[in-house]
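Across the two complexes that follow, chain A remains constant while its partner is chain B and subsequently chain C.
The block that comes next holds the complex of A and B.
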């Protein structure tokens, strides 16, 4: 007997493929309606990326992956950590500030910075956890508010510690020492740019996520609470404690989002540091169904669309923002499709169970079996 | 142990199902209307209504008819299938079989708006009013087309209010009004939409006694104007005081339709919980004198100023003993279980497992220490419906062998053991990888029982262990409990099924309003005695019968407490308002 079920696997793939198709059709319709060149747009987006763009796609996906896993941890417990955005900004600032002091040599500085960032993200998420457990405030509301507060707090602190970048108007934390800058990995042949070294971090996080959620007692308690809080309580799960742990872990993972950027690209936290990564993570986690591999595929797709859309203005004369329409429609379609498929799956399995039991045990005194 | 008077009080002694069963019965009780043609006689007729959900049959062959211009009560325990039936009548759910006739005309109700068109309106237990709107705005909301939203609507509201004595001011703000007034607005809303049949779902649960009297006056007004009221409740004395006809539902089917003049609360309680002749307990007592579970003066305060939900519960269970708790639902049984299982902190009092004080322990520690738990609501507390069987085998025993090795879940061990449980406890399933929600109720319950018996429990807390399961599963669950008792398990059995309680228990305690009010020996007790103690309706005449029988047989440590308390408590003084019964407990849960 095996857990693998071809019918289930097929159903699982059907939803995202269907969503992509719907996104393709809806976007085409919008382009047509506005008189934009549909064919050129798709040619540009669907052309095979050049090596340089491949590296950009992988790098973008690395950051998205970390963000989506941070969100997915909460999703598995039915917690909506909308605050990943704020958590990663607080953490990136704290990490950049710490790394910029160069208190420790090269690689040790990198490792300790990761810890500092995780602690900072965890503490920021811990505020929402405290409010939820002790005051009953929905984490959705509090994390959204904390995003706004994070923006202000980081901006204010940045002004206190900032140094001016030579030759520009932007300000930032002191740059990290060269010994701690990560040069990148030349994974893709023919590309002049390099893949973030901290793609390793994304892989480690992915494996750890798979292991802790799927294989440990903690993960079981977490998933049980997500599926039915009442059943989890009766099984002995201390739900408030789980809420705090999960939100803090989610925040700590969010703290890692900015690290590949910090060590591989920006080398400091400043006004130009990439924003909005936390929100993208929500969509990617949904698209990837909170599955460690599913999220990886979704992150690559997202990053692919981002990078490929850059050329739209030049090649097709269409604003690259059209890609947001595609991404948005994919999300809508996929959420609807997943729910439909889930219901179909539940119904089909109930029918199958009833049928098999009615077939094998005609003597069973089960009223239900006979009715199917 | 037959039930005295059974049969004689029935309107129709022969309960054979068949078309028009309810109609015939009721016509007989109302000879003055017998001349009318049957079609216009009954406002609503249900015949053979059956509704299945995957795994459960919620309603089975429900048949009854409500005469026009009467209050027709539907009574039954929680989970008996009343709410499913009401949802079917209000078009929220469609029956798999059976017909509904309104005014003699067959109707198909696919949605609440179909029901409203057919003249059926529903007042839900939880009001659906916008606090910051006026009465007028609430009433017209969604029915703007009928009389507009201005003076036309205001006139119509006044007219209805005056016609039925509802005393509703259309321009009052809802947030300024009390619960009773809000309920009258809900009734008015339904009338405004042209309902001729009004369903009231547990309407008195939220009311204080005076308001209940006012509501009943309103209901009498409504029926005198030719409207029909379907009144759902499990508070028997209220039903007896207001209803013209009572239909009893048990285990998803209509068991009888009776005339309130010919039954008393006790007989009604027996009908509700099933007072068939209990299976005589042939086995010898296995009760030892080793105390396994003991509670000392447990108190759980109610919300706000309401009375205590649990009030000084002291009980003792020995190894090899089944202690049954009888009571009408909502008298504190669920809370008692939650306190023992560590899911709720008692206000005061202690719980001992053996000699160990476990009052401060958390649920997981209590379960690890050997307290097995069969919850009352397996869907909410016993299973993860969307998880496979083998993961459900882990639930509740996440930290124990064979489910875990240290901090890692031992999936292989859990799967192997699930296969064993499926085989040993006859869980009928195609594999252990199907979702728990796909199984029938009986098989789900067998999985839970098998899981709970697999960790060498010292105590089993079993809440309604056979509710909603088929007869075959019921018998095997009873066998499992009997066998565990022989092996020295201490069992706390909570059940609404007297047959189950009498058949399995060594001692029966009755719980009423959070107190243990009587101890009975299942070998000598009659269903009537239990019914009386459960409803607090013990007539003084019945007391001498029950008391000498029960008291000496009771466990010595509980008797001094419980026995003297039973008489005064069980027979409320004449002035006691009929509502102060059970229902408000349920609200506070």
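The block that comes next holds the complex of A and C.
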């Protein structure tokens, strides 16, 4: 874990690069088959973004990053929290509602809202945790169901609390007070828009994830349970307790997903709040191999593709859904590539061990002679 | 872990796949119209960027109607245009970016088709005071501005007429309604429809079904969901179903065909725009003349008299109507026209919420 292995690092990089190449080829083939302008599509997607779009890429990646880390926490323990999507929507709604009441002044309101959102996301994930531990229901099934329930519950509650402007067809929670709206950070020169202030939150979550999973007893237990539950039980890990805490932590992190959007952009939770972030997080966590930095790179790539897709329709005359194909192929390719690389790694390892064994066997009788 | 990775990949890929299905844009030429040329009539060069809602130009319904107005403006006024379609569930930033890109590409006029563009139009209009904007279906402060035309419709009035037609044609005394997404706008259709049905036949039962709940807007572009919902209504005893579900409506028509029953189209005259094999089940359509609004906006623009502020297209202004294509409502036309006159004169006030 701690020692740097150049072969491993190279192989680790090879997989995502291979996946990108495959995605490039497959997408080009599809575009060719459909008679779409291949060159123009890639020119549009691969053109260097304007400053304004760079900000959008960073902002989009911030939200994706939080989502992917929430998913990754579960993955490390072999738990599939498919419910991140529902958890973030419940939490974003609860947070927006709380922040909209303006019970506390400016920044304090923001901090407490983060807590409220984490609690809401954690409770929603806790339902799945309870069902798994007490009733043996697979978290995959229960979280998918809870996603559907979240949609209904949030819609129902939204209708109860929504403020409606005259002449508008959208509904939303009361807007958060101006003192709590975060203006953003002017990180990218020349851009008319700003990076979400809560990018700080993503950084904090990333560091905390790295620390707790990699450096603490809890993280060790979590990874051990993920790799072999029986071995973990034998070494004294209380698995049910681990399941509950991991799912609840995953849900609490999911609760943060909507926060940069809430404070930096939408200022309320309503019918036009970004959807589907939880599912995107699954793919990004996979692509980033659950690694805090890997996820960051994957989130940036995803967001880059999203932002670049917007110009496809306008400049290349191709539906922006082409980007969904690219993203989907990258996902499939990367999983296949990781598996191929893993096999190659095993083979190389076997060869190395075999070589060493062969060496020691022939060397054994006359050690000094061999070195001469 | 390896097994885990595979399962997760499948789930993630499936989610992507679904997202793609949910908002796939039929392949229509989105590129700018044929090379420039000078504009007709007064000579003011108009380059328009049209941002469609989920479903896009090919939804045979709401967006298609806007596209029809655009095509007419191109033919009559010689405008140039660029088009793009909204992706389901995208962020507000992505919505704004689309509009801004039209401006970057040289658009003088930008149209947001659908209320989902309200906030974005407001923001981008503010940032680009020299460009004229129009929003369909929103009259809120979000989108308002000195360079914004808010084009809205009295959908409840048109829905009242087709509701009356449904009740008059129903033999089972039960009619249905399929709404795309449970928003206040679609509830306006439902309210008018119910009021019209009850006005024509006080004992009629009206059953309603919605396909998705916001912020999930897939209900406007999911024919499979539309079909399932309509099948349920037909099996429950309804023999006429009105849909206000955009692109999902084609599923409603398929279900009507299978059930040997009738359906009512929306936004466009769907007996002309739906796929030919289901046109015979379409009793009538509630026409929402988005095309007229789009054309008006562009025509005024080409004459240098840009429309700004809220403009309501109601029955009186000819902004909504019922369709007579197919001749299925010819026998009740006098009754429907009677209701129409009463609504225009103010004798009947149609509710806007169910």
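Brief remarks follow.
Basically, the second predicted complex is superposed on the first by the 348 of 372 C-alpha atoms of A that agree within 3 Å, B and C clash if a C-alpha of one lies under 4 Å from a C-alpha of the other, contacts with A are read in each partner's own complex, and residues count from 1 in each chain.
In the analysis below, a contact is a pair of C-beta atoms (placed from the backbone, for glycine too) under 8 Å apart; a residue touches a chain by one contact, two chains touch by 3 or more.
Predicted model only: the values in this text are computed from it and were never measured.
In the superposed pair of complexes, A:356 makes contact with chain B only, with no contact to chain C. Judged by the touch definition given at the top, the superposed model places A:217 against chain B, while chain C stays out of reach. In the superposed model, A:291 makes contact with neither chain B nor chain C. In the superposition on chain A, A:194 contacts neither chain B nor chain C. Of the two partner chains, chain B and chain C are each touched by A:227.
Counted by residues of chain A touched, the larger count belongs to C, out of chain B and chain C.
In the superposition on chain A, A:237 contacts chain B only, with no contact to chain C. Residues 227 of chain A contact both chain B in one complex and chain C in the other.
Residues of chain C touching chain A in their complex: 1-2, 4-9, 11-13, 15-17, 19-20, 23-25, 27, 29-31, 49, 82-85, 87-95, 97-98, 100-102, 105, 115-116, 118-119, 127, 137-142, 150, 152, 182-185, 213-216, 310. Across the interface of their complex, chain B is touched by residues 1, 3, 5, 215-221, 223-224, 227-228, 230-231, 233-238, 346, 349-350, 352-354, 356-357, 361, 364-369, 371 of chain A. Of all residues in chain A, only 34, 52-53, 56, 59-60, 63, 75, 78, 80, 82, 140, 151-152, 155, 164-171, 192-193, 226-227, 261, 265-266, 270-276, 279-280, 282-283, 285-286, 306-307, 309-311, 313-321, 324-325, 327-328, 331-332, 335, 338-339, 342 touch chain C in the complex they form. The residues of chain B lying in touch with chain A in their complex are 52, 54-57, 60, 96, 341, 343, 362-368, 373, 375, 380-387, 391, 394-399, 404, 407-409, 411, 428-435, 437-440, 442, 470-472.
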